[in-house]
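Both complexes shown next keep chain A, but they swap its partner, so chain B is in the first and chain C is in the second.
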Partner chain A sequence: MARLLGPLLVSPALIVILLLFMVPLTASVIGAFEVEGAYGLGNFTKAYDFYTQDIVFTAVIVGLSTVLTGLLAIAIGGYLTLGENRAAVAILRWLYRWPMFIPFIVVGQVLRTFLAKSGLLNSTLVAFGLLDPLTATSYLDWRGVVVAFVWKQTPFVALMVSGAMASLDRGTIEAARNLGASRLRILVEIVVPQVTTTLLVGLVLSFVTMMGVLSVPLMINAQAPTMITADIAFRLSTYRDYGVANALGLISLAISAVAAWFYLRVNMRQGR
Partner chain B sequence: MSDDAYLSLKDIDAGYGRTRVLEGIDLMIGKGEFVALLGASGCGKTTLLRTIAGFALPSAGSIRVGGRDVTRLPPDKRGMAMVFQSYALWPHMTAARNIGYGLRLKGWRREAIAARVAEMEALLGLGGLGGRKPSELSGGQRQRVALGRALAVDPDILLLDEPLSNLDARIRLTVRHEIRALQQRLGITTIHVTHDREEAMVMADRIVILDKGRIAQLGTPEAIYTRPASAFVAAFMGAENVVPLDAACSGHRVDIAAGPLNRAAGLMLDRPAPPSGRLEARFRSERLELRRLDVQSAADGGAIELIGRVEAVVYPGGEWRHTVRIGDGSVLVDCPEALPPGSDVLVRVPASGLFLFAAPADGPAGASPSAADENSPARERLTA
Partner chain C sequence: MSAPTASLAAPRDLGFVRNLLWWLPRAAVLGALAFVIFGPLLNLLIWTVAERWYFPHALPIDYGFSYWGRVFAPRGNAVQSLVASISIAVFTVAGSLALAIPAGYALARLKLPLRNLILLAFLLPQAFPNLPVYVNIARLFYEIGLNGTVLGVVLVHVTHGLVYAVWIAAAAFSAVDRDLELAARNLGASGLKAFADVTLPLAAPGLMASAIFVFLESLDEFTGSYFVGAPDVTTLPLLLYSAGAGGNYQIASITALLLLVPSIAFMLVVEKFLRADVLAKVGQ
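== the complex of A and B ==
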């Protein structure tokens, strides 16, 4: 009886995962190789022919956003850990988390009005005389997508990173200060190396999240090249072409898997 | 001493938020001196060390090193290097990189750093371990790497924050002597924080006993051990046995009337006696005389005799340890021969081992200030 109880308790969760996740995933993977009733690589050659530019664009945009997110998260976590102005630290601690609670689609909407040709950013720059109204351009292209991703994902990674930094042995920071290390050196040489694992987990999770965002490229970057997610939506809604959509999905998965592999490799090295 | 003090603290107050941790600390430390800051946990000894190091700013007072005011200087501008209780080694760097980091910050050339690190490794017996990460070193080796990291920058003053408390008891005994020998060889001014009385005694030239943020007594180990200035210090230095007595005192003379717990005695002390009245008598469990009440002996002066009954006998090694009930309290008495529980006995305390203080106005004289403290050496001794 006792031997049966364990599997019995696990089974509801297991069944949910199987039915709602594993089965559809398998169906999509199989669907990616299905071309008019037979199996083959037709969907992938089509995806390659039509969307190579978008695939590269996606990888570059998400990769760049991940790097910028990491740098900003380190800066925020570093200031929260090493900052000596208590008021500034308190304000930053209160302020930096807000974007986490704002959905991607709202971020897209907000940034549309902020980054447009006559948006808030340009009007402010013009008002301060930093920008000539005639040369003002819209930022609603790849730059807008990167800004949206970084703005939305930085708080999440910063939260993880600053938590890890806060739980470091303060002595390791004080010992470096005692020997004359500047705060920047302490951050780069003492603090960040001790939180790399947490930082990488946060960045890999952010990478995968950004790979799957549809609303931001649709709202901010409705032009070519665009992100894979927009192409998948287009294949499905316009052509009902599940084959190529599945193939594109599998390609996204492969790009995410590279990030996951990278993380696992670093993790293994740390564990040794 | 006061004029040529190398490190001098004047009237230091410090605290966290509204809590005052240190009050009016005055301390002069000579060049090359090894001073231990000793006290129970929460007495302010670590705060004092951190204030000297520059990690905490005093709310009042000044700190001078070699005549230079360093009170407001950052930690790295004071010529001090600290060894942390946790060692605080950087886990992502090898032992050699840990030791050489301070020199890298100073902009030394790579070969010069390597030479200095090798010198430190040889000095501390870390040869061949330079390539290991801290997680691959034993506790004693980590401790030496932390010491090497502090000494590599050739500081004027070495600060040690309970550096031995994370070591096994056996290793701790040898490391004590190693650190002391090293300090003497380098002639480096050293301040060592500890809650271990014996550690402070065997390592330091002078001991500062802290109690509730104030200096309770300052002196050589011998002076503090044999002439404690207060009941607190006496208790901290192992005089845990305490009995109340009524006495008439004048000058160095103390006359104790016979009572239900003691026989009459007249003593001449080698120091001025406390005021007449209710006294708190403290003594250690060693060098006492314990005998059956019915055995007569030649009564000579120079000691007090307490009447009690043996409650328990244990053998911790060396001598038999008797728990003797005297009135409402009990005392520990070490004696080469065991007397069975239930025996009525006389405990003879010679004047040289007796510390007399005016009984505190509030609370019973039997309450010992540190016996309740988990970290007090008395507690360790009792449970040893």
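== the complex of A and C ==
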């Protein structure tokens, strides 16, 4: 009886995951190969013909956002760990977290107003004399999507990275500092190599999250080329075409799998 | 007598001046960061009180609260969406906790074959891009009549929230001192009574944190609600989206502000609920 209690208590939650996640996920994989009642690659050729540009666009945008997120997270975590001015460190610690809990749909709306032609970004640049009002343009294209992703994901990765950096052995850092190494060099050569695993976990999670976000491309980049998520929504709302939608979904799963594989490979090499 | 004092003071002054000079780049970088973080939020706040604002005006032409009146009109769709969003979130919390408390307790305390695999299973909905899954849930729900119902949206949100609920509940239960449970059992309490009177109250702050997490995830969820709920069930994020798509930035911004306030309030208090000893056990 006692041996059965554990599995019994876990099973309701597991059944929900099975029915509402595993089953639809399997259905999406099978559906991608279903063409008018038979199985074949028709959906993929259609997806390739119509959406190659968007697939490349998605991979590049999400990849670029991931790289920028990683660099900013290292910079923030590095200053929090190695910064010598307590007031500046405290200000940064208070400042950087704000966007973390703001939902993507709200991120889309606030950045849509901020990055618009008459948004606060352009008016501030004009006020500082950094931008000529006549050449002001809106940033609501691929740049807006990248800004939205980096804005939202950096605090999350920076939080993970700075936590890992804080638990490092201070001895080596102090020793390098005493030998006269600059803080930038300590960050690049001593601190970052020791937190690579945490950094990569945060970046892979961010990559997958960005691949699945629908609201940001719909709100910020409602033009061609756009992201795969927006194409899937369009394919369904306009044609009810589940075949091509599932094929595009499988392609976005495959792109995420490449990111996860990259993470595993780097991790294995580290373990050796 | 005066010469040594001066030579002692000089380096300290120099250090002070150098530190002061360092504040120039520091203030520039921190100021730019503050602008990048708070600028967009300020822009949103301005939109909520803008009556008329168009290019090339840097600031609104008229200010006022007329859109607030429209949003909170008793028969306005915003109030309806707010009620829908909050009731969906409450049902979602109830559903996830009902599933996660037994599962979390079993993961923390009982013998369980394949324990790590089970923990991993709850992570799956976070580890894949969600959109293809939601598309096919919508298709399945359509066949059994759950599409466009509150129950359908709640089920989608529960699945998505389970990872937080189960992982945090498991961590909260393992942070409870096992000796206290054993003491209660020794004093003659039954297993169920020891759980209800000792373990559950001690794990309550962690469970509260997971409830808040799930509540916010549900309140903010867009993609699943878009495919499963729309157009019959309109939550706040769906209202925000359709108002913005229709070019009504005031309504969209006021709705965004309504969603923003609980998220930021949570960020400010999260450390009170999620204590370090619980956090250290997440995922173990």
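Simple rule for what comes next: the second predicted complex is superposed on the first by the 261 of 272 C-alpha atoms of A that agree within 3 Å, B and C clash if a C-alpha of one lies under 4 Å from a C-alpha of the other, contacts with A are read in each partner's own complex, and residues count from 1 in each chain.
The rule we apply is simple: a residue touches a chain if its C-beta (ideal position, glycine included) is under 8 Å from a C-beta of that chain, and two chains touch if they have at least 3 such contacts.
What you see is a predicted model; the values in this text were computed from it and never measured.
Partners chain B and chain C fit side by side in the overlay (superposition on chain A).
By the touch criterion defined above, A:R185 lies against chain B but remains apart from chain C after alignment on the C-alpha atoms of chain A. For chain A, the partner with contacts to more residues, out of chain B and chain C, is C.
Touch criterion met: A:P193 reaches chain B, while chain C stays clear of it.
Taking the Cα centre of chain A as vertex, the centres of chain B and chain C in the superposed model span 80°, given to the nearest 10. Applying the stated contact rule after C-alpha superposition, one finds that A:P7 touches chain C and leaves chain B untouched.
In the superposed pair of complexes, A:Y139 makes contact with neither chain B nor chain C. In the superposition on chain A, A:A176 makes contact with chain B only, not with chain C. Of all Cα pairs linking chain B with chain C in the superposition, the shortest spans 9 Å. Residues 53, 55, 74-76, 80-82, 84-92, 101-102, 105-106, 149, 153 of chain B are the ones that touch chain A when the two sit in their complex.
Of all residues in chain C, only 19, 22, 26, 30, 33-44, 46-47, 53-59, 99-100, 102-103, 105-107, 110-113, 118, 121-122, 124-137, 139-140, 155-156, 158-159, 162, 166, 216, 219-220, 222-223, 226-227, 237, 240-241, 244-245, 249, 252-253, 256, 259-260, 263-264, 266-267 touch chain A in the complex they form. Across the complex, chain A meets chain C through its residues 2-3, 5-7, 9-10, 12-14, 16-17, 20-25, 27-28, 31, 85, 88, 91-92, 95-106, 108-114, 117-121, 123-124, 126-127, 133, 151, 205, 208, 211-215, 218-219, 229, 232-233, 236, 242, 245-246, 249-250, 252-253, 256. Listed in rising order, the residues of chain A touching chain B in the complex are 169, 171-172, 174-181, 185, 190, 193-194.
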